[in-house]
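Consider the two complexes below, in which chain A is the common component and chain B and chain C are the respective partners.
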Partner chain A sequence: MKEIEKLFVRIVQRVNINLRELEFNVLPYVKDLIPAAQMNKFYAFYGITPHLPLSLQFRNSGLAGSYFLGRCRVTDSLLYKTDIRGDELKKKGDVFQFQNFKIPVSRDEEIVIEDSVLIKTLVHNFSHDPETLEDFSIKDTVSAHYANIHGAPTEGCFLGPFSTVDQTTIHDCVIGTFSYIQAGEINHLNIEPGTVWVRKPGVFNFLYRYPLDQLSPYIYFAPGIAPQGMFIDFVKDRQEAFQRVFEMVHIDQPIPVPASATLDRYAVVKSKTEISENVLVSQRAYLQNATLGKGANAQENCYIINSSLEGNNVTAHGAKIIEADMGRNVFVGFNSFLLGRPESRLKIGKDCIIMPHTIIDVRKPLMVPPGHIVWGLVTSREELECNSISIDAMSKTTNRLTKGNLLFEGDGARFVSAFQDRIHHILEANGAFYNCKDKKGPKGHAQKHQNMVFNTIQPYPKGRLEGLYPTIMIQP
Partner chain B sequence: MKEIEKLFVRIVQRVNINLRELEFNVLPYVKDLIPAAQMNKFYAFYGITPHLPLSLQFRNSGLAGSYFLGRCRVTDSLLYKTDIRGDELKKKGDVFQFQNFKIPVSRDEEIVIEDSVLIKTLVHNFSHDPETLEDFSIKDTVSAHYANIHGAPTEGCFLGPFSTVDQTTIHDCVIGTFSYIQAGEINHLNIEPGTVWVRKPGVFNFLYRYPLDQLSPYIYFAPGIAPQGMFIDFVKDRQEAFQRVFEMVHIDQPIPVPASATLDRYAVVKSKTEISENVLVSQRAYLQNATLGKGANAQENCYIINSSLEGNNVTAHGAKIIEADMGRNVFVGFNSFLLGRPESRLKIGKDCIIMPHTIIDVRKPLMVPPGHIVWGLVTSREELECNSISIDAMSKTTNRLTKGNLLFEGDGARFVSAFQDRIHHILEANGAFYNCKDKKGPKGHAQKHQNMVFNTIQPYPKGRLEGLYPTIMIQP
Partner chain C sequence: MDKYRVKDLMVPISEYATVSEGSTLLDAVLALEKAQEIFDHSQYLHRAILILDRNKRVIGKVSQLDTLRALEPKNEQLDKIEDISRYGFSQKFIINLREQNRLTDVSIRDMCLAAAGLKVEALMQTLTEGEFIDENASLNIAIHQLVRGSHMSLLVTSEKEIVGIIRSSDVFSAIFHTMKACKLA
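== the complex of A and B ==
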């Protein structure tokens, strides 16, 4: 058995040990998902920029096609086409406010990945666990395709395809396919597929469950088969365009890019796309006939097709926007799938919050009125009624709200302000508010990522260590 | 002043201090040769293969366009499009025979480059200095375009363009333009341009000097100007073809390559080129309408154009063969320039030794008879008479021989056998004698370099550290 196969077996065993109380066996889910032969087909790469502290360490790991930025340590792990974005790590000397605690950060924060298998997973921070400010750790964890681990330390977990853990510390949990969890800290839970759970303990609790029979045409995952459904087909249909950008060493900007914006060279840009000031387009984003207004962003694994974004729009990791017109300040959360059609376009009014993991799939034109929150599965006007609420009405909720499959308990105003604060932070961190005329205002990723260059790394091509990378250490 | 400029100034000062007795100032020669802006234009790269011990360390250095293989440590240095090939380094446990000494190698040998500027230089081993078996060191040294440092530890030296130091330990020396030195150990010498000096102290001494007025159309170098002449024009005319191979991440083999041969993906291959079994074509070699017979090799920076090599031919680093037919076992030494023309082809008979730094430039057909040694400048049949001798005749020389600008003293037979042993070693190391039918016989670079992959590295793109690389450490 080659070393890479031994490593895979060992990681799976470690995860299974962590999940023993849940009686969950990871192996049948993942055993065929990354054949060893795939692990030396794609180069991994990391970004270098003068704006970010740099520290990378790779030991005894396979990294096929993965991307790294910032400070990250990977040991005894297999990362397949995974993005590790450490551009919001805390710095030595920062002070982290948590409730009444002011906690000093004692050294530069680092993403630490050990004994884990991450498949096409997006790892980003900024993490909110006050217990571990210096290490953002992913340990004994297996994640499947297009999972997002966002500021969420994980230990002993299995994350299903298109699942997201967001500002949540998780121990020994199974996160079901397409589930979104933002819940503070959770332990020993087996989260059903299609769960959207946003909780601030003692303040609010938002819980939605997809009807599984209606979710399965979009995404379905079971032991022994690869993930399948419309999400997978959609991504596969567009894979070839990415091959081209990965094959070239240098790529000229395919369209004009303002001085205050960044278009990553590993993004795909198709015809008639326009990029305005302060726009951030990240690697593995896909733009086709897309108009991005000032301060809009398009994050990793997102797709924006035949659509316009008016400005200050967030298109979070893995979100897809097709045949849609988005007003100003619209937020589209992780892995949402917004599918209009040429004859039935989707319009989202300004200031709307499309919750993470929302599916809107319409065959008649649909307009989401301004200032609304939308969640869950929406395929018609009636379902929109059932799966949305105005921000005003939500802010007035003080106790309990049930609507369709949603149960909300707690303080609606604090739920709204938590989201709005978060969106403001995202826009600011991405550089949407930068004053490009006077070159004032806070610089963000859109300005700081411009002068990035990329190094490529490859594994041993043959022999016992085939598919594993040599030990690589990068320091400033 | 940016850090890279400070580093350049500091290195030049260190070399000048070493060369103070010679009253030689390096600065005017090199100050405009690598403008800081060039230093972040080209990626550097290193090879990974299961067959070679791997250890690389880069600290506070610029590496633009340079290539690394094997074990190498670069500190406080500027390497511009330089090749560091550590595939013949000694290993821990080897025993090095030197005269009557059997010296154990106590740890894996490493190429150590400190406080040096190397421009388009080729560094290869294997080094023969019995004093420093574990470190092959290049320190306080500046080398200009297409210099070769071959198994030659250097300290406090300046190497002119197209010069070669070969199995020679040099301290505080200036090696003139296009000079070739293989002399054991030398100190505090200022070698005139166009010197070809092969010495084994107490055994033989071969000394040829080019007439400088006849050398200058080929290569000329003076303070304040870039190197110029036919050598430079020749290389520049073919630069564009290399840009293409560096722009692609993957390149399919442009022609069929036998299982026992290696064609490096960073070589240029133009129309009608044929590669036989056991052939090695290294990175930055250029082949155009070239036929390489079994066991022939084409080393770094060599050009083979409209020419055929019958088999077991060595085309050493930087050698150029144009419109020529080479018999079996012909050796063409470093930086030689063999220029036939379509109407006046050059034929070299089998078993010939074309000494390093030989120029043959003919406008009438010329045939070098088999079994001859050729040196110096040959533009006609008469000059060939004057600048060649049969191996038989040379072997009978027992004391002193003068021919044209050549002075030979010592034991001709030992001179011949030293060369022949060396050529045999080169062919063996390159895998020319591998038995590809039975998969027997010693494997060499032609067989071992096949499964090589390449990682690319880039410097800081902007800011104070622009052009310098982060600290990078690669271990197995």
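== the complex of A and C ==
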């Protein structure tokens, strides 16, 4: 058995030990997901920019096709086409506010990945755990395709395909396929597929659960089979375009890019696409016949096709927008799938919040009125009525709300303001509010990532260590 | 008081309510009634029925709470509500959901009828290590085990045999009398 295979077996065993209380065996889910032979086929790469501290360490790990930015340490792990984006980590001297505590950060934060298998996963943001401010730790964890680990330290967990853990510390949990969890801290939970849970203890609690029979045509995952369904087909159909941008050493910008915007060289841009000032297009984003107005962004694994975004739009990691027109200040949450048709376009009014992991799939034209929150599965006007509420009405909720499969308890106004504050912060961090005329105002990722360059690193091509990378330390 | 041993306060197994495995909940309730009639020297009622296997060994216990649990309606929607309690909703919220989904056309009588025919094995709690106590153990140990495990009673053993049951009410009664004696002194 080659070293890479031994490493895989060892990691799976460690995860299973952590999940023994839930009687969950990771092996049947992941044993065929990363063929060992694939691990030496793709180079890994890292970004260099004057705006971020650089510190990378790789030890006894496979990193095929993965991307690194900022400070990161990977030990005894297998990463496959995974993005480790450390451009929002805390810096030495920052003060972290938690409840009534103001906690100083004693050194630059680092993403620490140990004994984990991450498949096509995005890791971003910073640790929200007040107990581990300087380490954003991912340990004894297996994540499947297009999972997002966003500001969420994990230990002993399995994350299903298209799942997201967001600003939540998780220990010994199984996060089901296409589930979104933002709940502060969770332990020893087996979360069913299609669960959308946003909780701030003592303030609000939002829970929506997809009917599994209606979710399975979009995404389905079971032991012994690869993830399947419309999400996977959609991504596979566009895979070839990414191969081209990854294979070419030098690539010219395919469209004009304003001086205050960033179009990552690892994004795919097809014809008739336009981007305005302060736009951020991240690596592995896919734009085709897309218009991105001032301050809009398309983050990793986003697809925007035959669609327009008017401006200051957040398209969070993994969101897809097809045949749709988005008004100003529309937020589309993680892994949402918004699918109009040429003859039945989807229109989202300004200031709408499309909750993370929302599916809108319409065969008749549909308009979401301005200022609405939308969640869950929407395939018709009737389902939109059931799975949406105006921001005003939500703000007036003071106790409880049940609507279709949604259960909400707590303070609706604080739920709305929590989202609005976060959307504002995301736009600011991405550079949407930069004054490009006077070259003033807060610079964000759109301005800071412009001059980024990339280096590539390669694994052992053959032999006992085939697919593993030599121990590498990269320092400024 | 300090001289008390568990065997001084226990109810002998022969005086306690028991039924054989395979019995129904109704059989168990009738056995409880009968045992209580015979064992009438205490103001405290028996609260559980012991389940015996064919070799007369205790294999489980059906408590009052288990009996009430058997009356609870079960359906997919209620299971979902039960599951929702994992997600940090308040008790008030969960009760409200249950109330919304309550089967309004089922009377208590119908619920009792349905539960009466259930086999005791389906309802009984199997016994854990902390629910056994030696007959010569002190009252302190009995109190500790009852409190630590939130048990209503413990099974009393002599060698490997179960010889009785010590109930929290028996221990409480002993403590109560001691407290009263302290005050009077």
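Following the convention adopted for this analysis, the second predicted complex is superposed on the first by the 476 of 476 C-alpha atoms of A that agree within 3 Å, B and C clash if a C-alpha of one lies under 4 Å from a C-alpha of the other, contacts with A are read in each partner's own complex, and residues count from 1 in each chain.
Keep in mind that, in the parts below, a contact is a pair of C-beta atoms (placed from the backbone, for glycine too) under 8 Å apart; a residue touches a chain by one contact, two chains touch by 3 or more.
From a predicted model like this one, the values you see are computed outputs, not experimental measurements.
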item	value
Contacts of A:Trp197 with chain B and chain C, given as first, second, both or neither	second
Partner, of chain C and chain B, that touches more residues belonging to chain A	B
First, second, both or neither for A:Phe24, with chain B first and chain C second	neither
First, second, both or neither for A:Phe234, with chain B first and chain C second	neither
Partner chain in contact with A:Pro476 - chain B first, chain C second, else both or neither	first
Partner chain(s) touched by A:Thr49 [first = chain B, second = chain C, both, neither]	first
Partner chain(s) touched by A:Glu247 [first = chain B, second = chain C, both, neither]	first
Which superposed partner A:Val453 touches (first chain B, second chain C, both, neither)	first
Which of chain B and chain C A:Phe126 touches, first, second, both or neither	neither
Residue numbers on chain C that touch chain A, as the complex places them	84, 86-90, 93, 96-97, 100
Residues on chain B engaged by chain A in the complex (per definition of touch)	40, 43, 48-50, 54, 246-250, 451-466, 470-476
Parts of chain A lying in touch with chain C, wherever the complex brings them together	183, 189, 197, 199, 201, 205, 207, 400, 402, 407, 409
